[in-house]
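Which chain is which? They are A, B, C, D and E, in the order written, and residues in each are numbered from 1.
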Amino acid sequence: MPTGAADRALESLRATRVWKSVFRRGPALTNRTRSLAVFGNLFLHFLPVKVREKSLRVRATYYLGSITFLLFVVLSVTGVLLMFYYHPAVPQAYRDLKDLRFVVSNGVFLRNLHRLAAHLMVVTVFWHMFHVFYRGGYKPPHEFNWVVGVVLLLLTLFLSYTGYLLPWDQLAFWAITVGTNIISAMPVIGGRVRYLALGGNQVGENALLRFYVLHCVVLPLVAVLLIAVHFWRVQKDGGLTVKEEDGGK
Amino acid sequence: MSRRLLLAVFLVCLVAAAPACRKQPAPAPDALVSAYDVEPDWNDPQKVVALNYRQAQGKRLFYTNCVWCHADATPAGPSNRSNVTPTPPLINDGNVLNGESEEYLRNVISLGGSAVGKSAMMPPYGRTLRPEEIQSLIAYMRAIAQPLYQQSARPGKPYTGR
Amino acid sequence: MAENKKIETGFSSDVLKDPKRIVFVTKKTSAKVTGDAGRQVMTFPHLVLREAIAFQILVIAIVLVSLLWDAPLEQLANPLLTPNPAKAPWYFLGLQELLHYFPPFVAGILIPTLVVIALVGIPYFNINIHGGPLWAKRRTSQLRMVLIVLSLLMIFLAIFLAWTVFVPSAAIAFLLLYSYSVPASQTGWRGFLRSRTVSWWVMTWFIAVAITLTLVGTFFRGPGWEWEWPWVSHGG
Amino acid sequence: MSEPINPKTEAGAAKAADAPGIDRRDFLNEVTFGALAVAGLGASAVTLQYFSPNVLFEPSAKFRAGTPELYPEIVDGKPSVTFLQDQQVYIVRTKDGFYAVSAVCTHLGCITQWKQEAEQIACPCHGSKFKPDGTKIEGPAPRALPHFAISLTADGELLVDKLETVVNPKQALKV
Amino acid sequence: MGKISRRLRLAFAVSSVIFVAVLAISPVKDLRREWKYYKNGYERFARNRPDKRLLSDFHPGLDQIWIPEMNVVDRCTTCHQGITQPSLADSSVPQPFRAHPPIHHSATDWGCVVCHRGQGPATEVAEAHETTLAWEQPLLPNRLIQGSCGTCHRADLAETPKLTRGRQLLAKLNCVGCHRLQDVDRPAMLAPDLTNIGTKVSRAWIYKWLKEPRTVTDSNGTVTVNGYETGDEPRMPQIHLKEEELRALSGYLSSLRSHPVAPYRFDPRAIALEKAPDLTAQGEVRFRQMFCSTCHSLAVTRAGETKLIGGDIGPELTKVGSKVNRDWLVSWLRNPQEYLPHSTMPRYEWSDQDLFKVAAYITTKLVDSDLLNGVPNLGEATPDEITSGRNLFLAKGCASCHIVGGAAPQKDFGPDLTALGGKNVSQLEFGQSKIPRTLIAYIQTKLTDPVSVNPAARMPQYHWSPDDLEAVTIALISMAGTPSASGMERLKIPRASPEFHPAGAFGEVYERYQCSACHKFNGYGGDLAPDLSYEGSRAQRAWLVDFLKNPQTLRPMLVLRMPQFNVTDKEAAILADYMTMTLQSPLANTAGEGHMRFTPQLAAMGKQLYEVKYQCQACHTIGGAGGYVGPNLSNAGNWLTATWVQAWLKNPQALVPGTIEPRRSFTADEIQALTAYLMTLRPSGKKASAGASQGGTR
């Protein structure tokens, strides 16, 4: 029986009407309340109520999917914070980054987090995919979820790439220039596509604005949507594929 | 067991926090490198005196207006010093000039020798040079004075905490 | 599945190929679906708690790193001043490396598109859905096939002098051929190789090449995309 | 921010030491929830700090109005009034010194004008009129024009601070 | 089934604690930013200072100077907090707290980076001052800071002598011949026209000259010229040439003789001098009397130290005898413009005897028998030597300065330097050289040893004294392209010097004697000799005539004197009339000159003032006694106009800006008295000519 101060505080909190109005259930102590906790909660209900114990084992997944998702969360939070000091304009964008570096409290820290998490996410997404492949996770009935995964991979790349331009320094500018020049190698439509992507013939004010909107609004929304589908499909397709060796004692 | 673990955690945090507590005092600049201008020491040309902006301006004014009578050689050749009686002091002659107050020097230069009871051969420059120019002249003569005027004429050490 | 009584299903009979949640049971037989889903636990708190820990560990890690490493910020973008070399983000440097060997259309458009299509397509090809090892049966014919494919690939790479692609490919090819010689009874890593499927080999080859190219593009390419050791500073 | 935690963990540790009877579960709850609570509070505090800018990109309320000599002499006792367009301030020079009067009408915030001939500050919008020292003569304006703090800098220039309005408008800056 | 293992809960507890602890680090770090260290330091420092204003002005947060229209965001004042505090001017105050020396621009209007460079927005010592990944223009060393003044101030400033010197050097050394430079206009002729060079010098000499143009140098390799400042380089730089290139070029140049000079047939009386034993001695005397040394220098060895004595308007003549052939010399002396239309050499009025003597002196005394020792036997130039020589002439950029056959010099042979000062390190090509990767190091290495930076450099070799190297560096840094900050445009001052070409009789004489080579007229001309724009107000006509015919120096201190042109009476009259008529100062118009009368008493009072009260003899000489600084006044009564003297005594700088005559506060009476006294000053024997009154009545 809980007697700790924190527990007691929690108890009394749970007793309040407000709490009850939010969580329509008692403490998640019985299986019933625990199930309620999951599917009574928008965010948790993407998960199944029960999971195979084997699939919880680290070797089964290395939590790569979760980590990728969590990185996405971190990126969203830091990204939103950074947006408060960022103007997508030339050359103001660059000055804003200088200010983040030199005058804004913890600005440089946030930026580092964002940048690091972004790189990391690309890595984990790939890793996740390969891991799933080697485990045969793409096999029926998971085909569609695999496809969703591949799309999410592309989205991640686009998110990272669009974000790459925003600092508007030499690194960003030339990386984007080089990248977008590849597009124009496309037969027939190549030049046109690049023109649309950049909103011009060279990386300039328009390109910055487009990349900004894509990076901060469009792609994240799509990503959130697909991530939801991805999670949801996992449980609908009967949970993670478990293998005999996962149980390996 | 958990307590030991928590202690360890605490220590880890301390170590991780270490980078936060470091001081970066500025590197000490070499007087000559950071000098605005230099003037070879009159008494031995090997030594070079570092001048800051103000003293350098003084140097410029000196070599246009004063060098003729207050130095032994001028850009144009022989000095006029010998023609002036009483012989004017060399500008770097600390034995004579270090003793004089800024006040006094300002007066001599701006009002001329006669105003302070010295030879009228020293003309007044009050209407030729601006006050800050006269200030610069004094700064210059203090900087190149031999023997040294006083330590404060030399650049001070950069600030490093306590 | 119960092996003695075969179930009549309304659709395909091969459950492995396309499993269905609904089974139409005909006649008087009853469906006895066995098969162990494994022991199950409640998501809350078991999974949630683990996720929370994972999250914390993750954050701790990236925070510590980002305290020691500062995100790069170079000079203000200047269209008139091209850095040499101008590099794309690291995850595209593999492509940039390919561009160094192949015409832009091939390296920049064709290959990426094919890769994506392949990835999307993977689940829909029913190739060895059972996960049968490559060298399980019809070994000689398999070997002939493999040899042809490999030699074609190698020749292709050799023509374009794409040696940063050639090397990893060759390494994987070597393992592949080596695994042919491994006796079936073999255990340990040899046995592991011996029992790999075609898809495993293909994917491994892809990853090997991708990683090599990315690493080379990131660390070993200097001005003019010339080879350069990262520890040898050029110019300054 | 790091201060609150470490004591907490120590306290917790101490607690556990004093009362070995306590079930570890509670102790761990204490630590966990405590840590998370601190994290939450701290995070919000830091976020607040992050949101409060350390530098401002806006014209500073303090501005240098040049040396006193720049302003016209007093002609037969009449104060000389100079309107600083970009700062919207009158620099008034009287025989007993300088003061800075706001040019923004206290009625509806129109920019007033100095009428030399009438020696009045007049508001074009609703006809309020003020004396050079800001006191109201007529019109809908509720108050006199406020005075701003004015001082001399080290190098002898007038310094006006628009954030600081002078309580007693009679006192002027002697030069 | 429900229970969670204890290990898991423990892990959660531990990770939570670490989690919160780690999150706390960055804020703690943020509390200890570098700039706060200096903020606190300044506050402590200010508390111990007598000046209470320091504390009242102290502001704990970040400071920044923000000037939108100039894109200035400078946070330097965050640490350099005392820059506007007069009480911190003393150089013993530790940096970064010291006050900025008084200059004409306030930091609040211009910011700091505009002049000092470095990274304005940075708030960390290293980032703000040094070259970083994000900033390639480090702090400018104080010694070079005048370069920043030059980015806006196109005209010369009194406060920036180094910059002015540097710009003079750039112009003098014809850098503009190959490079495009800011505000250094390309003169019509940079270097001698070589169309007929073959008629002037021998091929051997050309070979030698191309190989080593620097003839008189001291151990440091610097050329020193006594008297007044001159460059440390002959205008002809040392160009990297291989042996066969030397042969080819010399061959080509020696083949350039389109108009062979006809030998001048002297008056037999002159030729008769050939016999005279002291012919060359006479020649030398004449050479000196005519003050050729005003423009031409000669090497003189005094006390083991070789120095050039004389001006550098014209070439140095120490070894000219071994250079030019006699016929050419004679025709040149008679009429330089015939050979070089652009030459500033005056056309002297020679008597045949003088010409003969001087030519003899030059060709026999001003020689160096060893000069051509190193030169191999070249002989006549072969056709292919000539062709390859012609190609070299273009390839080596000779054609950038020299004209051949009236062809205009080729422009922009070397890189454009107008934006050099603003270049980033990444824009510079350092090659394999082992110098620090900074703009300054690059410029200075390129100037002193071009080949070390770029082995294929066509840039010739220069030899600089440390000071000149600094000056040139400053001048180059000042060319930072058009000032980026719009706020600076208003500072731009055009370098205008409208040419002064009077018409009529005066014009002819003026052109003939090339007066503007040394004298300034209405802002145009050389600055070697006094500005003559107001000469008419200053000098009496009669005196002018005398002076022109027989110039003697006025300031004993000056080595350089007006050359003896042997002006004819007619020419002298023309010059004097023109000057007295037109070259008048608005402040001292001599119209009223005639009506001035001074009583002897007044003069006596003036004498008193001159000798006792003001003791002018400190600088001015009268008769034998007095100083050397000011002009000799012994002849003032014949020389100066009363009008001028009065105006001068009232305010010298108003008449001649920058004159070192101190401005005194004479009373009106004193001025009258002094003028009266000065007008009485005449060497015995000479009496007041009518010049003054004439000058007045005109």
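Side notes on the structure shown:
Definition applied: a contact is a pair of C-beta atoms (placed from the backbone, for glycine too) under 8 Å apart; a residue touches a chain by one contact, two chains touch by 3 or more.
Just so you know, these numbers come straight off a predicted model, no measurement behind them.
Any chain that touches subunit A and also touches subunit E is listed here: C, D. The chain pair with the larger count of C-beta pairs in contact, out of A-D and D-E, is D-E. Seen from the Cα centre of subunit A, the chain whose own Cα centre is farthest off is E. Distances between chain centres, each the mean of the C-alpha atoms, put C farthest from subunit B.
Here the spacing of subunit A and subunit B, counted between their Cα centres, is 63 Å. In this assembly, the C-alpha centroid of subunit C lies 72 Å from the C-alpha centroid of subunit E.
If each chain is reduced to the centroid of its CA atoms, subunit B and subunit E end up 27 Å from each other.
Annotation for subunit B: residues touching 2 or more other chains are 2, 6, 9-10, 13, 16-17, 19. Multi-chain contact residues of subunit E (touching two or more other chains): 1-2, 10, 12-13, 16-19, 21-30, 62, 64, 75, 124, 134. Multi-chain contact residues of subunit C (touching two or more other chains) are listed as 41-42, 45-46, 50, 59, 63-64, 67, 72-75, 81, 83. Those residues of subunit A that touch subunit E in the shared complex are 29-31, 34, 95, 98-99, 102-103, 105-106, 109, 169.
Interface residues of subunit B, counted against subunit E in their complex, comprise 2, 5-6, 9-10, 12-13, 16-17, 19-24, 26-27, 29, 33-38, 52-54, 57, 60, 64-65, 68-69, 74-78, 80, 83-84, 114, 119-125, 127-128, 132, 151-159, 161-162. Within the complex, the subunit E residues that touch subunit B are 10, 13-14, 17-18, 21-22, 24-25, 28-29, 31-32, 34, 37-38, 41, 44-45, 89-98, 101-103, 124-126, 141-143, 145, 158-159, 161-162, 226-229, 557-559, 612-615, 618-619, 626-629, 653, 660, 662-665.
Per the touch definition, subunit C reaches subunit A in the complex via residues 16-19, 37-48, 50-51, 54-55, 58-59, 62-63, 65-67, 69-79, 81-83, 86-92, 95-96, 99, 103-105, 108-109, 116, 119-120, 122-124, 129, 131, 199-200, 203, 207.
For subunit E in complex with subunit A, the touching residues are 1-2, 26-27, 29-30, 62, 64, 73, 75, 121-124, 127, 134.
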